[in-house]
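Two complexes come next, and they have one chain in common, chain A, joined by chain B in the first and chain C in the second.
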Partner chain A sequence: MRFLAVTLAVARKDIRSELRGRELLPALAQFVVLALIIANFAFDLDLVDGPRLSPGILWLVLVFAGLVSFGRAFAAEKDTGSLEAMLLTPAGAAAIFSGKALSAAAMLVACEAVLLPAMAVFLGSPISPLVVATVLVATVGMAAVGCLFAALAAQTRARELLLPVLALPIWVPFVVVGGRAVQVAMSGQSLAALPLAGQPLLVLADFDILFLVVATLAARYVLDD
Partner chain B sequence: MTAVRAVGVVQRFGRLVALGPLDLDLAVGSRLAVLGGNGAGKTTLLRVLATVTRPAAGRLELLGLDAAHQRDRLRARLGYLGHQVGLYPALTVLENLEFFATLHGLSRREAEAAMLLVRLAPLARRRVEQLSRGQQQRLALGRAVLHRPELLVLDEPDASLDAEGRALLAELFEGRTVVMATHDPGLARELCDRAMLLKAGRDAGNPWTLRVVGG
Partner chain C sequence: MTENNKLFTLSAGAVAAMAVAAWSIFLYAPQDALEGPVQRIFYLHVGSAAAAFGSFALVLAGGVAYLWKERVWGDRLGRAAALVGLVFTTNTFVLGMIWAKPIWNWDPSQTWDARLTSTAVLWVIYAGYLLVRRYATPGRPAMRLAAVVGIVGFADVPIVYFSVQWWRTLHPGPVLVAPGGPQLPAEMVVAAFVTTAAVLYLAGVLIAIRYRIEARRDEREERAVAAQLELSGSSAR
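Up next, the complex of A and B:
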């Protein structure tokens, strides 16, 4: 109960700070739209190629938006000393980490709320409920891993370099499985045609559980001296 | 009863020995001023005593608990204020205190009590980014005593405080064991009953009793 109260308090504090300060979300929204415009010109997309390349572009933009979003989660608090102040309470590093991961995931979901409609407009991508569900399920695990490595990177001077080096290899399974699911959904096929063991949403949910548990257990050792 | 017992405490940064070996015994209710020039090891000592960092060697006991292995229990009983105020600029005075109250498992009432204690009630709804540095320092002090800690570890708490703020410090120290680093010998005399001079990370004695011989 106390774990949940702390988690929600940390997440609420982060979201409230962002809504008032408006530092991250406007920049992320701009990044998403600019990335789609660049992809549009770089691949010389038309109405045929756009939907075909959409899954790859979606995951590329999402991965880089995630790096920015998660990177900020701990770096700013480390620099102002508020992370130290939080950790010196008896709240527990795992609950604090969970709250940070929850708020970072919420930022990424807000970014996805811009990304998916923008893809429909710029690339003509068919955005179905299955695409939205895949992206949301992948966000949970990506946020857990991304925040864990962001917490680790925040302790170092080369944090901007370290976070992508650590997080990107671990995100590959999300991109592979999520990419496959989005590809199927955008081509108008049904996931029911795939074998149960290969159901991308179930595999992504398994990844989520695994990485949530590992990241929460490891948070104490990463955050505490 | 002893509030702080340090035996051979050492802190290193790479090869550099920043602190110690240092021994310290502080009785419950004592107030120790840690004095010394820049780079003497004051902040390092305070961070070790506040359980922010673990000492590289030696044994540290705080309030009868082992600082290395019982940190979680200790943190509910000690308050720390470092160099940085560690507040959230976009949140108001009361929201900051309420947030830390939640982390301590306390109610909104306790947050309001701390706000009254540091005399920031008229600014309850003002964002921290709109406060002066001295007001932020007072709020950070309010956060440090929010959970009524028995041991207070403060790194230059008088920074940016006006005369009223300095009087507030005396009030906050009442009934508590305090370890405070300061560059102001006058304030140390006024608020503390013991002093320790640090030089190159080592205890160079009590500056109030040291006399230059043959000088």
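Up next, the complex of A and C:
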């Protein structure tokens, strides 16, 4: 119970400071829109190519927006020295980490709330409930690992460089399974034909549980000096 | 000097073992009826892959030993094994490419199967592991952070493998460890096991040499720190 209380308190602190300062979200939303503009001209999209390439563009933009969002989560704390202050309190490192991951995931969800409608408008991507569900379920696990490596990279000299190098390979399973699910959903096929064990949403939920456990266990070693 | 002599002896043994492996590959094993001489790449390819996975398992073990019991030898083992593992992963890739050129004819749809993708991810993760060591504050922080990367990275590889396999896969299935016994002529199986054993031994020797280098480097750094302390101590007086 205490763990949950600390987690929620840390997440609430982050979200409140974001709502007051508006440091990250406007820039992230702008980044997402710019990425779609570049995708449009780089791929020379039309009615045929737009929906066909949409799953790839979706995951590319999502992954890079995630890197920016998770990188900021710990960089800001490190710059002001407030991470050390939080670790001095009786709250456990794992609970603090969970709170940071929760708020970073909330930022990325806000970012997705811009990305998905923008894709529907600019690229004509068919955004179905299955696409939304896939992206949301994948966000949980990606946030867990992303924040773990963001906390790790924040303690090194080259954090902007190190975070993508560490997080991207670990995110590959999410992109493989989530990418497949979005491809199926956007092409209008149904997932009902797949066996239960192959349902992408269930597989992604498995990844979420696994990476949440791993990241929370490892957080103690990453945050404690 | 005795430790260096031991390493020289071990290295000589590795050279001899690799010579035996070369004999079993080129002279003992029969020619493949379909693929011809190209098939002989298979022996070293499988051996290198086994050595790479073995090295990364040692990185995992070293990381656990460090995080759990704060054993510095665990960290040193991780450093040595990660580097050797990267070399053998690269070797596996290069040999696989040479084999795939005539057999798969560079079809990009065939290069993203489960084993290739997970091996590529493995390579990137351990390259990241070495990068963490370079960019983190030297000493305990670097050891702690690298151990976390080594452990989480190792856990990721089977997941990548199965998530791509769930999709589709084109890499030849297991031919040595298959239900109903190996699907190869007995001479080929013998050559494969001889080569794998030789390459594993070679990897072990390389890790031992690298471990020795890392241990000497740690000693030198400790001496430098001690000298610095002495210097600042005498100037304070």
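Following the convention adopted for this analysis, the second predicted complex is superposed on the first by the 225 of 225 C-alpha atoms of A that agree within 3 Å, B and C clash if a C-alpha of one lies under 4 Å from a C-alpha of the other, contacts with A are read in each partner's own complex, and residues count from 1 in each chain.
By definition in this document, a residue touches a chain if its C-beta (ideal position, glycine included) is under 8 Å from a C-beta of that chain, and two chains touch if they have at least 3 such contacts.
If you're wondering where the values come from, they're calculated on a predicted model, not measured in any experiment.
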{"item": "Partner chain in contact with A:Ser187 - chain B first, chain C second, else both or neither", "value": "neither"}
{"item": "Which superposed partner A:Thr80 touches (first chain B, second chain C, both, neither)", "value": "first"}
{"item": "Which of chain B and chain C A:Ile170 touches, first, second, both or neither", "value": "second"}
{"item": "Residue contacts on chain A - larger count, chain B or chain C", "value": "C"}
{"item": "Partner chain(s) touched by A:Ser128 [first = chain B, second = chain C, both, neither]", "value": "neither"}
{"item": "Chain B versus chain C as contact partner of A:Gln30, first or second or both or neither", "value": "neither"}
{"item": "Which of chain B and chain C A:Ala9 touches, first, second, both or neither", "value": "first"}
{"item": "Partner chain(s) touched by A:Pro90 [first = chain B, second = chain C, both, neither]", "value": "first"}
{"item": "Chain B versus chain C as contact partner of A:Ser17, first or second or both or neither", "value": "first"}
{"item": "Common interface residues of chain A - those touching chain B in one complex and chain C in the other", "value": "225"}
{"item": "Residues of chain B that touch chain A when the two form their complex", "value": "50-54, 71-73, 75-76, 80, 82-91, 95, 99-100, 102-105, 127, 143, 147"}
{"item": "Footprint of chain A on chain C - complex, ascending", "value": "67, 117, 121, 124-125, 127-128, 131-132, 135-137, 141, 144-145, 147-149, 151-153, 155-156, 159-160, 163-164, 166-167"}
{"item": "Chain A residues touching chain C - in the complex, by the definition given at the top", "value": "145, 148-149, 152, 155-158, 161-162, 165-166, 168-170, 172-173, 176-177, 180, 198, 203, 207, 210, 214-215, 218, 221-222, 225"}
{"item": "For the chain A and chain B complex, residues of the former touching the latter", "value": "2, 5-6, 9, 13, 16-17, 20-21, 80-86, 88-92, 96, 224-225"}
